[in-house]
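I have placed the structure first, in the form of structure tokens, so that the comments after it can refer back to it.
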Amino acid sequence: MKIGILVNEGPYQHQAADSAYQFAVAALKAGHQVQRIFFYHDGVHNASSLTEPPRDDRQIVQRWSQLAEEHKVDLVVCIAAALRRGIREQNLAPGFRISGLGQLVESGIQADRLVVFGD
Amino acid sequence: MSMEEGETTGVVKRFLFVNRKAPYGTIYALEALEVVLITAAFDQDVSLAFLDDGVYQLLKTADPTGIGMKNFAPTYRALDDYDITKLFVERESLEERGLPEDNFVVPVTVISRAEMADMMAAQDVVLSF
Amino acid sequence: MLHTVNKSPLQSRTLEQCLAHVRPGGAVLLIEDAVYAATARTAAGAQIEKSVAQFPVYVLEPDLKARGIASKDVVKGVTAVDYAGFVKLVTEHDAVQAWL
Amino acid sequence: MLHTVNKSPLQSRTLEQCLAHVRPGGAVLLIEDAVYAATARTAAGAQIEKSVAQFPVYVLEPDLKARGIASKDVVKGVTAVDYAGFVKLVTEHDAVQAWL
Amino acid sequence: MSMEEGETTGVVKRFLFVNRKAPYGTIYALEALEVVLITAAFDQDVSLAFLDDGVYQLLKTADPTGIGMKNFAPTYRALDDYDITKLFVERESLEERGLPEDNFVVPVTVISRAEMADMMAAQDVVLSF
Amino acid sequence: MKIGILVNEGPYQHQAADSAYQFAVAALKAGHQVQRIFFYHDGVHNASSLTEPPRDDRQIVQRWSQLAEEHKVDLVVCIAAALRRGIREQNLAPGFRISGLGQLVESGIQADRLVVFGD
């Protein structure tokens, strides 16, 4: 099954980014296709290449990048939300791309399910 | 939005946007509206639900100039240009807030909680912010 | 102690928790989404009307206006203040506690 | 419709709003801070116990464990699932509605 | 923290840290603890209040490995090294959550809501997250 | 009177950053000294030099920088919270400085009042 995911909150502050990640990993493990993960609102902060959490903590941004590399998951950051919050090409982590809100709507149309994680 | 993005092979799904948060205290209401406007251009079957504190989003008396923000409620009027007319407001949510049924910036359909629940159950894609 | 509350009483239980912890000499200031608590014809408004008999309750007017609430819809006994009034309240109380 | 709830019922009114909008064929999954709603000896737990007679209620076990809630403290009739179970629930229902 | 930061001319204020949020769902509990540990080094009169969902922060049964997070509750034990022993837990908050009074990772003083209110009213600086 | 301010949320997502700003301006106008504004949790995003909100919207980051310049207000970003969330010297807006949590405690000690804005 094709599953789309929407993440509305940034890393660390709320659990949303963690829940979305664990859900995506489980979906892939079950043989489903994660069609796209769209980052909106403060969710765009998940794409910041400049985060440097304590070493003994989970590396949320790096985890997303690895997911993109290993499973070819399409990680899309909303351009309007990103500009508002200071995420641009220059501080975009590997595996993410910046695009329009249309990508979220498209995900809703193309995926069999859309699952939302937020606050 | 590019034409390319708009190409979704003629599929029409029932999209529901659920608005349950008050405006201005957080950005969710405003950024939700931005998605709705984009979705409209994709020729989908779009509905908007306003319940709980979300009913406050449509009050025509809003004036956020004193807190340095823009009043985005009039933007809802643009939805009519896209033939998006299914704006549902929950009656019980209005009653709990002591609000009348006719103080909104756009025409809405006031429905009961039970009708809201039925409407929700009939959707293909539900977006909440 | 000046207690500030910023959550809608219809979504969050923070207001009632705050009201249960105000002591003589204390006051409550409703800001951001908590201004809805000061509106008439709501359960929270009725609660606030009872509270004003025990301690002063203020509401931030710019936040009221932003949300389209008319002054006539504010429950009796609640005093509307602007940001200058907010600052004055902070200086008049010995400390401030934000109920987040 | 699978309804997900992620707020503590003791801080937020989201759970009760969600429960009032579940239709036949629907189900509720408690995640993140909403897992507290599945605990015994609470008002929310009593509400959930009533709900399970009408529709299935699930709780995400990793979130329960994170918060130190023992399985024996989960109210009867609520089914604990892991992330694989969460995914399965998503595929088994025709759509998902997050109550944020 | 540098010595320079620690120089605050011998003033001792009553600092209260109010913890009202559940752990793990948000970072507030963890980052609040980080401030408490720093404050301890400033020789201030520090109290911690746990009420509402904040009482969940101290449960000794917590195990967040399944969600990829670290269990930070044991860090509270470090407070004792700084002679921070005024950890107040509100009885009514425990009762509402069906929690016993003896399941915490560190020793605490369980007090009533009225006592909590009195304690709050006596503070100079109140930090909430 | 000396007033310290703590901001716990980022710009745009929550009103906290707006309320704190309006409060700070009013405090200065009333003749008080804003002793320090400390940015913690997601509040560190208020210091991002890369934000570019719509032109007709308020410019939250720029507003803070101007406040620092015009009124010599000390804007301090918590280093631990900033590293976790991708704020570093390279994307720090003018007028902000990155320092330790001790600066918040010091603010509590030195200021006559500490006012907290968050979610």
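Observations on the structure shown:
So that you can tell them apart, the chains are marked A, B, C, D, E and F in the order they are listed, and the count of residues begins at 1 in each.
Following the convention adopted for this analysis, contacts are C-beta pairs under 8 Å (C-beta built on N, C-alpha and C of every residue); 3 or more make two chains touch, one makes a residue touch a chain.
Small disclaimer: the values here were computed from a predicted structure and weren't measured.
Of all chains in the assembly, those touching chain A and also chain D are B, E. Both copies, chain A and chain F, contribute mostly matching positions to the interface they share, with over half of the numbers common to the two.
Relative to the C-alpha centre of chain C, the farthest chain centre belongs to A.
Farthest from chain D, judged by the mean position of CA atoms in each chain, is F.
Taking C-F and D-E together, the pair of chains sharing more C-beta contacts is D-E.
A separation of 24 Å divides the Cα centre of chain A from that of chain B. Note: centroid distance chain B to chain C, computed from Cα atoms, is 28 Å. In chain D, 6, 10-11, 13-14, 32-33, 62, 82, 95-96, 98, 100 are the positions where the chain touches two or more neighbouring chains simultaneously. Residue positions 20-21, 24-27, 52, 67, 69, 125-126, 128-129 of chain E each touch two or more of the other chains. Each of the following residues of chain A touches two or more other chains: 8, 12-13, 15, 19, 22, 41, 57, 80, 114, 116, 118. Pairs of chains in mutual contact: A-B, A-D, A-E, A-F, B-C, B-D, B-F, C-D, C-E, C-F, D-E, E-F. Residues 20-26, 52-53, 56, 59-67, 69, 96-98 of chain E touch chain D in their complex. For chain C in complex with chain E, the residues that touch the partner chain are 1, 13-14, 17, 20-23, 25-26, 94-100.
Interface residues of chain F, counted against chain E in their complex, comprise 6, 8, 40-41, 80-81, 100-106, 108-110, 114, 116, 118. Chain C meets chain B in the complex at residues 6, 8, 10-11, 32-33, 36, 39-43, 45, 61-63, 65-70, 73, 82. Across the interface of their complex, chain F is touched by residues 4, 6, 31-33, 62, 82-84, 86-88, 90-91, 95-96, 98, 100 of chain C.
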